[in-house]
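Below are structures written as structure tokens.
Each of the next two complexes has chain A plus one more chain, namely chain B in the first and chain C in the second.
This part shows the complex of A and B:
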């Protein structure tokens, strides 16, 4: 803080001052420390401190993104988003795969709530039914079948926890900053020109690097009410799915059939032969 | 109104990015095959959130349709992956991805666990259940690992 105060005002701030005074940079740094501490590293030291770092980082990131209009929308969204992120963090950090699967189920429920909030009602129900109802139960079944005791040394270790945390930090830092810059050139309210261009502003705010044409920024509320946000949501969804995307749906059905046959073939083939012989036959 | 939609889009994209990032970190860091599978599903969830947000923003059904197909592909993936995991488990007796490191590239050095952490006593906690029925005989051989599924 002293170094910042002594710098003459005409001098441009150095990079470390930008980093030190930016809550976004602090959030990214805390994400890295938190991820590194909560991943299994052989000992359980610092896990709670890591979780605390992660929560502070989530708070800083939430402060970084703009508020939604309406306190009800905002609080519901915040609750769901924090549920999803915390549950996902717990999924990758808990030692027991059974708890991992259950935390993932909570993340799925939160995601379904997020879908519902944004007007994707069918997808919300489909997420609960297919993911939480079918896939997650199958995963739990396999865990029970394969690892009922739930305590194994490889659950208390990670491949290179620090490098993974750095990778994830770089990834989320790039993505959130690009998202922030791409959506920062917000059009004025009431401005509804189709093909409106959103500017990507350089961090210094001095020069414009590029502009992205976002054709949809000027969509009127009435169009939205007639489209995605229509009252008969599932009817419109089904019309689209069975009309424009009919071929794709047939292909998806064929894919599911093939996957089903493939899964059965894997199990039957693995059962019939034994050990290395099966691998050799499978490679031929 | 357009500004509110942009704010909504940015909020959803940020959540989607964080969920995707956590999935990536889990996939590359964890060693349990089932947890790795869950992390791959988590990455799909992050992409789904992004697609639904864009679908709302552009007032286009395309994003939601893509999410439907993501769910279909995820179901296929679950069937195949879990069958494979079960078969790998039947061969190896454990769900460790490092067990299958013979399949690595030729010039990659083998991964050796430098220290295998011991289980602490407080982690070996079992739920308190009321005893019922006769206690089954414990097979000593199957205490360390289960040879058959």
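This part shows the complex of A and C:
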């Protein structure tokens, strides 16, 4: 039914050849070095060099990422994506938790913009209201209430800077290689070409797999028209939420109840503990 | 195959709904009255009513007619109805009853209903985890176990150590939830479906053709095992357990040593044998489970030898038993990966049996600690148990029975659990297994048996203190009759399971039945691919 062309194993490039010639690998390596340098370690040496590494890496990536659509859309996407990445880097690298929270807010705004760009209006608005509106404000409250005089020096340091940089880089590298190969359509060494999955007829999984492959190859316009760009999109979301995910909604409600009761219990309990301490201090 | 929710789904969820309603009732009633005995009695009656509802959903009744015979689970909305989930629901109810008894007077007076209400939400969450077939609901169910646990830990006792323990558990709990959620997101990205039942099909197609995103699945697998490893306190993720157990009350420590373990094991089995149903993924899975089992058993038992605080010792004991549970998981995954075939497909059944034996015995021990401690004071040092056989012979005897069962002394429940686990790890078909795999499982069994011997060191030390050391300052048990009943009931159950293991093995084997067809088809798929 399907002719499967695989590259014979002896013509495969070695893994280090792949790594050395791939701009993505270089970019990710630079990201790791840059991340390690700009994380708040004990000393501030090399932070500017780290930032430079980050900028070069982003430039490399932006240069080599395959173009998916027209230049206008593409430039809007690039602008938003770079905003998000830079804001995330700043979130974990600035020393003042207040600034960190504000950078996090910028990252959220960028993410919401990305959602809007692919037509997911509901998710976009939800990101702004839930994260930026509720969670970020709570975080700011906590920061300001808990330590108005600022964090202690040791609290501002990243104690496992190298480890976190390496772990994060491995994860990002793996995801980049997987998603990069999926979107560029180039087969990995020894792999059958993607897209053929569309032709394999399977009684149950075919449409789902087809949609996965289409998503991997860049979303087809007609799919977007029928799916997330449809006028009924948000209504459909609501129907799913109260139809298929009804039980999950109810369980989430029970969770909220537990959280509410927990908050009250902690307030009551904490006040009593404080009162007891006050009495003890008064007795002294 | 319709994922829509209908009345049938609601009917199937009746016991869970009852538990949530009882929790809400407890929360609301607590605003008007703090009469502890009354509210606890109503909650206990509610548990018994829940048991009645469960019998109405037994395999022999209405809904299951015809389906149970074929061993096929039926689906309704996001739920999977199979003997596995049903068996665990019974375990949850029994465990819940024992916990309620041992928490009869735990917690501060004016927050007692908030305390027991949270316990009921945890039980509802456990029940939901056992029967969910959908990633969203699975995650929410796991959170419904975690979040009320944070509340119970906080209001358990007013002490700086307790608050520190709560904070530690809270942050690590959030971290593990984050890891788990990341894994779920990657799994959804790789398979494109939320329904666990559809994942094996998607994975089978991806194995045959394109589907490049499937490469995300190994990362998802690692993250899921790490997230659930935190919940089960398996070794690289265990470090919070001793501090938290030591800082909190005995009743809370009992809850921590049982509820997250049940949730973690069930979620692991459900996800691994559906979401990662692909030979290479399962191979990675069993190798990880085997490594976790080896490390967890050994480190837990060796560290427990060095402890003098009873709750800290029991924390390491709980860690080591998570390792034993991972033996069953490793065997099940190895068999499902199709590399090896086993004479019996017993990994899940054995882990389930072991879980029952472990949960009952551990709850019995913690109930004893609650009984001996009382409302304002904790039992800390082992020496405080000295002379217990003289002052409270009944309690000393029941605790001894639970300890011996955890050690694995015949004819108690723990012995049959360990026997079945070791047996299933040795029973691979020699014709299909390569020698390295068999050796690894051989090593696993040897290490497991050695660990059983090591664990005797600290369990028998407790027994020795109770029986052979003269009482120093006498322990005045102020825990009340609830914990005492719970301790004795646990010991009786442990003996009962030990005396008639066949009846229980039949139940756990039937519970593990749904996976046998899956396992068989994977083996045949794999064999045809190899050809």
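The definition used in the following text is that the second predicted complex is superposed on the first by the 204 of 284 C-alpha atoms of A that agree within 3 Å, B and C clash if a C-alpha of one lies under 4 Å from a C-alpha of the other, contacts with A are read in each partner's own complex, and residues count from 1 in each chain.
The rule is short, and it goes like this: a residue touches a chain if its C-beta (ideal position, glycine included) is under 8 Å from a C-beta of that chain, and two chains touch if they have at least 3 such contacts.
Quick caveat, the model's predicted, so the values are computed rather than measured.
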Touching partner for A:266 - first (chain B), second (chain C), both, neither: both
Contacts of A:175 with chain B and chain C, given as first, second, both or neither: both
Chain B versus chain C as contact partner of A:114, first or second or both or neither: first
Which of chain B and chain C A:247 touches, first, second, both or neither: second
Which superposed partner A:35 touches (first chain B, second chain C, both, neither): first
Superposed model, chain A: greater residue contact from chain B or chain C: B
Touching partner for A:255 - first (chain B), second (chain C), both, neither: both
First (chain B), second (chain C), both or neither touched by A:18: neither
Common interface residues of chain A - those touching chain B in one complex and chain C in the other: 171, 175, 179, 188, 191-192, 216, 244-245, 248, 252, 255, 258-259, 262, 264, 266
Residues of chain C defined as touching chain A within the complex: 3-5, 9, 13, 20, 23-24, 27, 77-79, 108, 110-111, 114, 117-118, 121, 124-125, 128, 134, 136-137, 140-141, 143-144, 147-148, 150-151, 154-155, 158, 192-193, 198, 201-202, 204-206, 208-213, 215-216, 219
Touch list for chain A against partner chain C, complex: 2, 171, 174-175, 177-179, 181-182, 188, 191-198, 200, 202, 204-206, 208-209, 211-213, 216, 243-248, 251-252, 254-255, 257-259, 261-262, 264-266, 268-269, 272-273, 276
Residues of chain B touching chain A in the complex: 1-15, 17-26, 28-32, 34-35, 37-39, 41-42, 45, 48-49, 52-53, 55-61, 64-65, 67-69, 71-80, 82-87, 89-91, 94-98, 111, 113, 115-117, 119-120, 123-124, 146, 149
Complex interface listing, chain A residues touching chain B: 35, 39-40, 42-44, 58, 61, 65-69, 77, 81, 84-85, 88-89, 91-92, 95, 97, 100-101, 104, 107-108, 111, 114-115, 118-120, 122-123, 126-127, 130-131, 134-135, 138-139, 142-143, 145-147, 151-161, 164-165, 167-168, 171-172, 175-176, 179-180, 183, 186-192, 215-221, 223-224, 227-229, 236-237, 240-241, 244-245, 248, 252, 255-256, 258-260, 262-264, 266-267, 270, 275
